[in-house]
Structures are given as structure tokens and as C-alpha cells.
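One structure below.
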Amino acid sequence: MTRILLAGAALLALSVGASAQTVGFSQIGSESGWRAAETTLTRQQAEERGYTLQFSDAQQRQENQIAAIRSFVAQGVDAILLAPVVATGWDAVLQEAKEAEIPVVLLDRQVDSSDDLYLTAVGSDLVHEGKVAGEWLASEVGDNNCRVVELQGTTGSSPAIDRAKGFRDGIAGKANIEIVRSQTGDFTRTLGKSVMESFLQAESGGKDICALYAHNDDMAIGAIQAIKEAGLKPGQDIKIVSIDAVPDIFQAMAAGEANATVELTPNMAGPAFDALEAFWKDGTEPSKFIQTESKLYTQADDPSGEYERRKDLGY
Amino acid sequence: MGQTLKRIAPQLVTLTLVVALVTVIFPNFLAVSFDGTRFVGPAVDVLKRSAPVALLGVGMTLVIATRGIDLSVGTIMAISGAVAAWAITSGMGLPASVALAIGAGLMAGLWNGCLVAIVGIQPIVATLILMTSGRGIAQLITEGRILTFSDANLAFIGSGSLLGVPFPTVLWIATAVIVALLMRRTALGMLIEATGINRAASALAGVNATVLLIAVYMASGFCASLAGIVATADIRGADANNAGLWLELDAILAVVIGGNSLLGGRFSIAGTMIGALIIQTINTGIMLSGFPSEYNLVIKAVLVLVILVLQSPNLAADWLFVKSLVKARRAKVRSETP
Amino acid sequence: MLLSIRSLSKEFPGTKALQGVDFDLAAGEVHALLGENGAGKSTLIKCLTGAYRRDAGEILLDGQAIDPASTAEAQALGIGTVYQEVNLLPNLTVAQNLTFGREPRRFGMVNRRAQSARAREMLAQYGIDIDVERDLGAYSVAIRQIVAIARAVEFSGKVLILDEPTASLDAAEVKMLFSIVRKLREQGLGIIFVSHFLDQVFELTDRITVLRNGRKIVTERTRDINRLRLISYMLGRELEEAARDQRTATKSIGQKPMLRFEGLGCKGVIEPFDLEVGKGEVIGLAGLLGSGRTETAELIFGVRGASSGAAQDDKGRIAHANPREAIAAGFGFTPEDRKVDGIVAELSVRENIILALQARRGWAAPLSRAEQERLADHYIGLLDIRTSSAEKPVGELSGGNQQKVVLARWLAMNPRFLILDEPTRGIDVGAHAEILRLIQEITKEGMAVLLISSELDELVAACDRVIVVRDRRHVAELDGDRITSEAIVHAIAQPGAASQFEAA
């Protein structure tokens, strides 16, 4: 099977010719809207810059990714983008790419291999995202007392750990802000809603809650419904800050039901291509980690407009 | 009725104990108030939140009674939810959307049933096919994103109330009662049990085991589609990736806690329903307790283990043995006392 | 005495399985333990081997009181058991099975060479020379049985219990087994032999103990007892003479047949055959195992698809492509392996009896509970099904009673043509005679029966007509006075018997 794929890929490479730059992109899959948007934006970026993009969907399997990279190497692409599904087990295949002198750029996730095996890694700083959210809440409440409930991501996952830590960094030193309840909502709307329901039950029907911090927008959207059904006004009675900046949260912000979100940009390809162009031109080695911007959006930042801009990206 | 009560007595005792335990940790657990339109309180939440697992459990009980298993119910939830959300956003209206979603569930059940009853694939493998591939179908419908809708009628199924009772609660109790009556007031229950215990003998006795098996998997698909509609209506959006994820395992657990054998045969829908309530009471109890998330699974696992050990027939037999010994000794003491 | 059992009692909820049973076994003796199903034979053996704990009484082995708590303990004490379904591991080699738990070791590892040598040595005592490195499952039941005996003798060495050892052996294999048993007797072992083949009991054993309803009835020397007296001990009543002579009178000679099968056959399974079935007729189907007897029944009942042929009655063609159609045509079928294809073990006696009737009515038309109970009670009484209640799971009944439940299921349907495949296999003498009597009863009302049996006596006693099957063909048909054991054996054995078929 692999052999057929390789042969087919080689043929394809021959027919394309050598005129434009060819970039291979091994994507994890399409498990979330964010990832779909990342794929869409990578395609857009490649098209704008006139590259030929060889796209391979690994469907959450490392062996598919390894096979794809081998095939890219066999085709002799000019660069490889890799969004690794797991952190370990990449040494051999990255070594093969290095020996073929093909630069590899990691997107949004890191690997445990030696950093001379890849050109650079583009990603957001998860701790920083949490910190931006925390700092926003700290400035929003000023010196008023605020009891915060937290919807955590999947227990043990690095976004959940880092976003929890960053938020605490952001509110450090503000004795008036206290995180009173933390529970995992598994990054899903369903659990975001049902966990929020139990928070409301446990905190006098929600009267004692001043703000909600959700590790992603989907949980916040679920929680907003729970708050509405409990007869409270999300965004006013309970302030809501979350992370990711998916289109639906902008709709909620436009309706005044959410207050702020921190963007995890799906445009990882832009900075990656910038670094690659510099490298192709004169061999400039970029730094080993390129941090994307963690931009804060509030109700003042034209949420309806942001929604329109994002809704077709595949979120 | 008396027989049913006797059959599910261990489950009722377990539920009481779990509720008591949660009440100790969270004293207001059983407090229910009426806020003008509906009842609110943690116990009401349990009744509402157990809807998906209870609905899946109704179908799963029947499938397991035939010595099968349906791993695809979580995925069927995702498909039906996606169909419902897609139909309502395409402007089809509530009846058509619900009908299409249920139709999708029935089709999925028909597929499973044919693989099991006609092609002869083992149920665990046959339903695994849909379990793994079905989410892809759901993603195709939602185009990989969370398909959000704002139709109030559909949302009512997830978060509305009838006479103050959450609609999902009404739905799962009604489904369980109707299916249980259908099983016991007709001969279906016995024919399903006979097929599950000995398909060959049942077929020789003229039981149409093939049709019965397909019907049972379709019933499971039907129940899963109801659960999928509830889940989608609840969050006003179809999340193809996460809707019903791993719920097939909770449904199987509910069947087992309900005292049904995974080897098929005798079954009790009432038992499974209490099993679902036990699971949801534990889930809600954990959330209310305020323990850090890291302990969730451990607490749940320990409680489930304790419940299953307490309910195991061996232990029950040992207990009867101890009881008979005590009785014998008492009798002896009494007879020796002048 | 090697083994003495004194006033052994064992009670289960609802039944007194054993009440004050005495039993003696001398060294160098083969002692038969006989009784109907449910008489207490297997309970006694299980108490002896530690599978059950007795409630009262004592067991003396070599004069020492013993109380085994497990089969392993009983084995260590010297009591070994070989069951009908051999309790060895078919996916291990013969050598591994023989030395399991006592593997010869070298530096802590199993020494395979020594293991094989030891195994060959053990089997050589029984005159068996086979490849001990092959999986046990690759060998016939007889070989497996001997391996089990070799293992039991090696590990235990005082008392050997053989529980229905010959049930799945052919005549030659039985002979081989008996010579081994006799040899072990000469070596001074005490052997308890449980079997329902009375011929074998008379051939092999020195003494006989009969149990009935959990009590010991008698222990006598085999040579002092005759068959009729033995059967009457077992049944507690004199066995009625099989009333074959009265039978033929009820036959419907010259009448138009009720059913006619023409050219029915299935490629590679059975050659096309014709069969006419008269009202109230009992047709026997004789032949060796694998000759096409069961296949004939399966073809008629639609369990197997026919590749040719048709069935008709006086109203025209009958569809019988599957069991449901066959049932609709008024056929019934009690299969050979009642545990696998007959009973639904965990359902109650009541539910098993009404199963086919309910299936024919359809799920939407349930029989009322009262009607179900009436039917169940009726057939429990009619067929004398021994059960404490109609609600007892049928799997807990003895084999003969399970067979009666399956029979009741079909009688409740009131079929016109009932196929009975080995209805008396594995059940004891009493139930055996009762089932034969039942066949006579039901055919009086006009029901026709196709009786498949390996027991010639049974066919001779019950049938109006016997069809002999050999090599997937119906080769002969005997009727009236020509139905004798000799004639059937002759037809099964002789290729020339085909001519007899043409004559008939």
C-alpha cells in the first residue's frame, strides 16, 4: 500500500515539475474545528505565495504521518510542515528528512527529538494564553471581590495544565480574585454545560459566582446556556473569559453573553512560510521556537465582524 | 410488579446508598425547589443528565439480552444529532428534523442488525465498524465543525420542561416504560431472551431469530437517535467529534450495574434505568464535591468496583450462607436454652 | 474395604439429593453405580471427589476418615475421576496433559525430553503407542479417555471413578477401554463404573449398587442379578413389556399417505429419496452415525436447504424451506443434541414448553399467563416431568426430563408429523421406556413420527416401518415382521441390501 502511495506520489512530483516551491504538509486529522481552520489557512497561505501544497491527513495515526513524510522525502519537496500527533518516535524519520536536506517546520505541537532535526517550531505559548485571560479579568474587576469558577480542559493534557497555570499567573497578587471551583469539562460543550450546572447548584444557584474562566470557547458556550437556563445573565451576572477565539464565541460576545476570548491563531503556516522563505533565500536559521500572537478580543473589538471573517475557515 | 421489585431490589439499595453518600458530601443534594416554571436542584439535574445513558441503556439492554453488544450507540448519537442540527438549520422544521434523525438511527441499527443476523459477524466486531467509521459520517454532515442552531423548538427537547420536569427526563422515562411494557405485555421479551440464550434452539422452535435480532439492533439505533437528539438539543449544536463519545461504555455499565448478564438471556430494563441513575448520581456527586478533576475517574472506578462486587452473585451466595449459619446457631442456642 | 461410605447425606435447596447412602468399594473390584437420572449418582461422585461438601455421613479411605474440599485434594488422597466430557486440555500436548502439575524439571525449567519419555512410559502400560508431542485434541475421544485414565491412575492410584466413559465410543474402542479397566482391576485398583449401558455393566462389573431418589436400593454381585430385576430396582416398578405386538394393529395399511416427499435430496449431503408418511405411523430411521440419518431429518424440517425434491399432502405442495415453514406445515423436530439445539437452558420449564406455540402465534399475540401455566401444568403431568416447579430453569432438570420438556413443546403444537432424533440418548432406562410409551400414545391420535435411533431394540419395539440409511443413501425399507435387529444390522452392513429396498 505504502509502496503504491510512494510511486503515485513520485509520479505526481515529476508532473508538477520544479518551477514553484513544493511543500508537504502532514496534518494530524480533522478532529476539531480549529484544526480544520488550520488546514484551510495553510492552503490559503500556500496559494497566496504560489506554492504547491502536498496535503496528507494522518487521521490521528503516527504511522500515517511517518509514511507521509517518507513520501514527501521521496518526492524531494522543498520543505515539510508537520503537526505531530504525538511527541515521541520521530527521530528516525526526521533524520531521513535532514539527510535529504529538506527543512521540517513543526506546527502548533512540539516533539521530543533533538532540535537540530528540524528547522523551527511554530506554536502558541499556552501558558501565555492563560496569562492574557487572567490579566484581562484582573483589570476588569479592579478591586472588587471576585469568586471565579474554572472549566478545565481534558485532565492531564498540556493545554489544560498550561492554561490553568497561566491564568493563575495572570491573577497573581490579586487577593480579591479567588478560584473557588475547578472541574474538567473535557473541552466539550456538553460537559461545559453540565459541569456549569453543578457549579451553579453548588454556589447558591450562581449568585456567588462572579466570573467563569473556560480553557476553551466550546466549554464557555455550553456554560453560557447553563447560566441562561438558571435564570442568570451570562456576560453580566457572570463574566466569561475563554481561549481559542472560535467563530461561535464572537456571536456570543456580539449578543453580550461572553466578555473576552484569547486567540489561538490557526494561522501557523504564515509564520512558518516566512521563516522558510528566509531560509531558502540565504540560509537564515530562524530561532527554534516561533511564538504566535495570543491576541485578546473583547466585546469592543467588533465581534460581529470577527464572526463574519472566521465563519468560513472551517471552524 | 412484585417480581420486578424483587428483581431490582439490589439496584434500588445501591442507588439509595450512593444517594446517601453524595448527600453526606453535599448536604443539599436532595433539595428541590420550584422556580416558577420548573423544578431545580442537583437531584433534578441527575434525572435530566441521565437521559442519554438511560436512553442508550434501554436499547443496549435488549441487544445484550440477545447475547450481543452494540458499541456503535455513541457514534449513532453523533450521527443523529448531526442530522437533526443539519435539518433544522436547513429550515425543515421540528417534526421533519426529528423524523430524519430517528430515521438515521434506525438505518444505522438496520446496518448493524444485518451484519450480525444475516452476514453473521460477531456483534462486537460488527458494531465496532460503525463505531469507528460513523463519526466520519457525522463529520461529513457537520463539515467538521460544531453545527450550531437557534431553533427554540428543537432546543426544547434538550432543555425544556413539561409540568416543571425537564423534558429529557420525561423522554427517557417514557421510552423505558413503553419499551418495558412492549417487552412484557407481548411475547417479545421472552422471544428475545430465548434467542439470546440459545439461538439455534429458538430457531428450531420457529422463532424468527434473524428478524428479531435485526429489530433489536434497530431498537438500539432508535434509542441512540433519541439520545443524540437530546444531546444536540441540549447544547444547541451538533458536535460530531464529542457527542456521545464513550457513552456506549457507560450504557454497557448501566446494563451491568442493573444486574443484567453480558452473556444474554434474562433482562430487566428497570434494572438498567436504575443503573443509569446510579452512574449519573456518581458523576454529579463528583462534580458537586469540588474534588480536583484528577480524582474523577479514580473515584468513579472505585465506586463502580464496590457496587459490582457487592452485587456479584458469589457474594450474595456467601451472604446467604453466613445468614443461614447465624440462623442455625441462633436456633441451636434457643433450643439449648431451657 | 478400600473405600467405605457411611450414611452420606447431601441436600440442595428444594431437593434431598442423597439420604443416608452407604457404599463399599473393595480393592481389585469394578463396582457399577446405577440409577435413573436424578437418582443421586453424580451427587455421590461429586461428594467423593470434593466438588461438593457433604452435609452428613463419613467417607473412609483405607480406614482413614477423609473430607476432601476440592478435586485436587481428592486426587492427592488417591481418588481420581474420568468424566464423559474428558476434563483435560485439548490444546496442550499429550505429554503435557499427562504430566501437568508434575512436570519433570531441570534447572527449574520443564525438561521436555524427560516429559515425553515419562508420558510414553505411562501410555505403554496401556498398550498405547502414540506421538505424545501432538496436541491432545488431535486424537479421538477414546485415546483422550485413556490419557485421562492414565493420568488419574498415575496421580491417584487407589480409586478410579469412570463416569459414563463409553458414551461416545464405538464398539472397538469400548473393547479396548474394557481391557484396560480389567488390567487396572488386576493391579488392585478400586473402580467405580457409572454407565447407562446395561450390557456393559453386565460384561465388566463385579458388583452393582443401585440408587433411586437419593437412597441406596441395593448392592449385589453382578452375577447374582438379572437384567429384569436390575431394571425393576432402578425404576421401582416392573418394566412393562414393550407392547410391540399390539402396535401393528393400529397401522393404516392401504390408506392414502398423509405426506409424501419426492426426490428430496441435497448434493453432497444425502442422495434424493422418496418418503411416504401415513397417519399415525411410526417410521424408524436406522444407520450408523454420519450415514445421513440426521441429515434426512434436517432436510425434511428445513434446517438444511434441499437441492431437489418436493413435499405434498392431500391438499397439494407444502413449503418447508426453513423451520418456520415446516412448523406451519405441521411438522415438529426434537434435535439430537438437546442441550445445544433443544432446550433454552435459563428459561423456565413453562417458557420452554410454550416457546414454539408462542413463536407460531407471533410476538404480538402473547399467550396469557394463565394459559401458559395451564399448558405447562398439563404437560408436566402428562409426561411426568420431574421438576419442583414450572418456573424452574429447564437447564437444572435432568437429561430425561429436559427431553420431555422439548417433547412437550412439540406436543403443545399438536403437529401431524413429529421427527424425534435420538430422543432417548443419554437418558436412563426409566425415562427411556416412558418416552417409547409416549410415542405409542401420541400416534394413536393420528400423529406420525419419524424416529431416528442408534438403538436397534428401540426401533424394533416402536416402529411400523424402518428405513435404513447407509453412505448418504436410503438403502432399505423393512416393515411388519421383517423389522428385526438382525435384518437392520444386515441392511446396514451389506451393500447387497439395496436390492431389498427395491423389493419393498
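A, B and C label the chains in the order they appear, each numbered from 1.
Note that contacts are C-beta pairs under 8 Å (C-beta built on N, C-alpha and C of every residue); 3 or more make two chains touch, one makes a residue touch a chain.
What you see is a predicted model; the values in this text were computed from it and never measured.
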item	value
Longest centre-to-centre distance from subunit A, chain (CA-based)	C
Innermost chain by mean C-alpha position	B
Distance from the mean Cα position of subunit C to that of subunit A, given in whole angstrom	70
For subunit A paired with subunit B, centre-to-centre distance based on mean C-alpha positions, whole Å	35
Centroid distance [mean C-alpha coordinates] between subunit C and subunit B, Å	43
Subunit B partner contacts - residues on subunit A that touch it in the complex	30-33, 36, 152, 155-156, 181-184, 186-190, 193-195, 197-199, 201-202, 205, 218, 221-222, 225, 229-231, 248, 251, 314-315
Partner subunit B, residues of subunit C touching it in the complex	301, 303, 323-324, 327, 333, 335, 340-347, 351, 355-356, 358-367, 409
Complex contact set, residues of subunit B against subunit A	26, 28, 35, 40-42, 45, 49, 139, 143-146, 148, 159, 231, 234-237, 239, 241-243, 245, 284, 287-288, 290, 292-294, 296-297
Subunit C-touching residues of subunit B, taken from the complex the two chains share	185-188, 190-191, 193-194, 197-198, 200-208, 265-266
